[in-house]
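All chains are identified by letter, namely A, B and C, in their written order; residue positions are counted from 1 within each chain.
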Amino acid sequence: MTGLQWDWTMVWESLPDLLLKFVEVTLLVTILGSIIAAVLGLIIAIARRSAPKPIAAVLTFIVNFIRMTPIVVQLLFAYYLFLELDPVTIGVIIFGIHYSTYMAEVYRAGIEAVPDGQWEATTALSMSRSRTWVAVVIPQALRSTIPALGNYVISMFKDTPFLIAITVTEMVRAALVFGGNHFTYIEAITTAGIIFLIASYPTSLLIGRLEKRLAFSN
Amino acid sequence: MGDNFDALIGALPMVGEGVWITVQLTIGGALLALVIAVALGLLARFKNVVLRGIARVIIEFFRGTSLVVQLFWFFFVMPQLGIELPAMFVGILALGLNYGAYGAEVVRGSINNVPSGQWEATTALSMSSTQRMWRIIFPQAWALMIPSLTNLLIQLLKGTAIVSFITLTDLTYATDKLRNSTDTFFAYGVSLLIYFLIAYVLTLIMNALEVQAKHKLGRGESLREALSFRTPRSADGKAGIS
Amino acid sequence: MPSQTDTEPAIRFDNVEKRFGDNVVLHDLNFSVAKGDRVTLIGPSGSGKTTILRLVMTLEEANGGYIYVDGEPLTHEERGGKRVELKEKHKNEVRKRIGMVFQQFNLFPNMTVMENLIEAPVHVLKMSKADAIEKAKGLLEKVGLSDKADAHPLELSGGQQQRVAVARALAMDPEILLLDEVTSALDPEIVGEVLNILRDVANETDITMLIVTHEMQFARDVSNRVLMFDGGKIVEESDPETMFTSPKEQRTRDFLSAVLGNN
């Protein structure tokens, strides 16, 4: 077989299946994973700043270890350790944990950007530590972190096909299965790629604009 | 636990083979990515709208369509078009194009961040645009781009773990085989540790490059600082990973 | 060629207009600088002085009018009543006659002092490396930095960096030298070391100089003409003696008393 053989009927035929998996798995894992990553990342960032030095050091090592090793291997590890758990659930948890280590760095930068004077003012007002975080530091730190967090969400979104490693049929696996059944891969795999592009490109443009607006208003 | 170590020793040739494939993919992919990043990064700065447009389309396409899709495209679709490529070649190609597209934004951004006074001085000395780029601007941009390139290199290493999808027997594949004769915890613990060590060594090499590049700009740092452990900074992750 | 251009001024502005967005910085500006002249531009900040230097160096492009260097159009020429942009190659040829020293020095940090000095002579003027080094050594001696040839720019003090920058500009043998507030970024106590070198350059060469400075004593010592700018226009023009002792215009008097009062 040579030459380009593009069959539009294959595109239309594969599309419902791909879109279903896109919503059912790809988007679901991205959204739930992002929520875990955003919350856990903030907890890590605060803990690293408030915890006693030895604990903070251990935490830093764990965070670095997770960040510098492949998600795919982490997924497989968790999959075999918790065989009774649903692979999609494992995906949500591992993506959440993995990206929390990146988001923690974003929060850290945001927290460090809050001027020392703000901390000093809360001390002068005898505010409690927790109140200082909740009422003063986090609200100020959060604003500037939104674009960077958004970029990591897009990144996670594009990493979701890694779930194939633990038998999850997400969109790309669905494209592959469709291709195998119809003896032609080009349409379904290309369509899956285009769906990623259509979803991620406008989002990153939006984040870029948000970033510029925040940069100007600061 | 003793059984685990015995099994590991028995499986050492296989694990070693896997590490070697992972390292080959990482280095091959990184070199290709660097070439693509510099080429596209420079092209994206051209005044000519057509050339700049081509660069932008390529960059956004490879950033936007997901590494796994690209890997499968080269592996499953190319044969359908009559082009059979070895799996290792496909792996390096997909990694190089994907991370090269991310790298192009790093290169472009770093070049734009070289202070305007440097550009003006080259005009005042009547330098040609080629001289300006390669003798003055790029050497300074290089020092600026290394931290983000380090991020990307670690991402690329982590990205290699998907190549068993296309029949390559890399470290991740070897780990799965190792698990047949050891605990899951042991096999994956060893595997993660090896990945971490590779990432650590790569980070050290990149830090050394950064020290050298900065030193060339007269901003000397001691070598001891180069050997200290700095993880990839992801605060500027927007350049590294968006 | 020289016989034709000898009569031409070194620099001539012909109805030059420069806007940044809606902000008109220079409007219908006409003036010329004769060969060997040392002209200082003074005036409040935002009056367009630095823009003039940047236009001559082609760091900015005019929105209207023409600039001539040695009688040759710099970036645009009139062809059939139309303002036509000239080729990059032409601009480069004319540009080679002009050198500039910047407020922020702009030495190349990826090169040593010596490499900074020989970079353009070797790669732009195609001088042999040996000749360029020979020449650079002479210039370093002139600016009193012979012992710093192998130093990196960032290891030098601001005053030393600026002296290297002067030497780097002179290494190109410019016919015209533009000095853009060359002492503004320096601590007051080292301003003198840079100005003394520039005084020597003025005394020992016949390079045409166009100077923007807040150092009025230096302007008085070096220049033979002073132009007072305000709002993108020439308010007053005379020899330095007259300008600094008995200016005619009220705006000049206000400006000078403000500047000299501050000193």
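Things to note:
The rule is simple: a contact is a pair of C-beta atoms (placed from the backbone, for glycine too) under 8 Å apart; a residue touches a chain by one contact, two chains touch by 3 or more.
Because the structure is predicted, anything quoted here is derived from the model rather than measured.
Counting only chains that touch, the fewest steps needed to get from chain B to chain C is 1. Nearest to the overall CA centre, using the mean of each chain's CA atoms, is chain B. In this assembly, A is the chain whose CA centroid lies farthest from the centroid of chain C. With centres taken as mean Cα positions, chain C sits 45 Å from chain B.
If you average the Cα atoms of chain A and of chain C, the two centres end up 54 Å apart. Centroid to centroid, with C-alpha atoms defining each point, chain A and chain B lie 20 Å apart.
Those residues of chain A in touch with two or more other chains do not exist in this structure.
Among the residues of chain C, none is in touch with two or more other chains. Across the complex, chain A meets chain B through its residues 1-5, 64-65, 67-74, 76-77, 80-81, 102, 105-106, 108-109, 147-148, 151-152, 154-155, 158-159, 161-162, 164-165, 172, 175-176, 179, 184-186, 189-190, 192-194, 196-197, 200-201, 204, 207, 211.
Put simply, chain B touches chain A in their complex at residues 60-61, 63-70, 72-73, 76-77, 80-82, 154, 157-162, 164-165, 172, 175-176, 179, 184-185, 188, 191-192, 195-196, 199-200, 203, 231-235, 237-238, 241-242. Chain C meets chain B in the complex at residues 57-59, 92, 95-96, 98-100, 102, 104-110, 119-120, 123-124, 152-155, 168-169, 172, 178. Across the interface of their complex, chain C is touched by residues 115, 117-118, 120-121, 123-128, 131, 135-136, 139-140, 216-219 of chain B.
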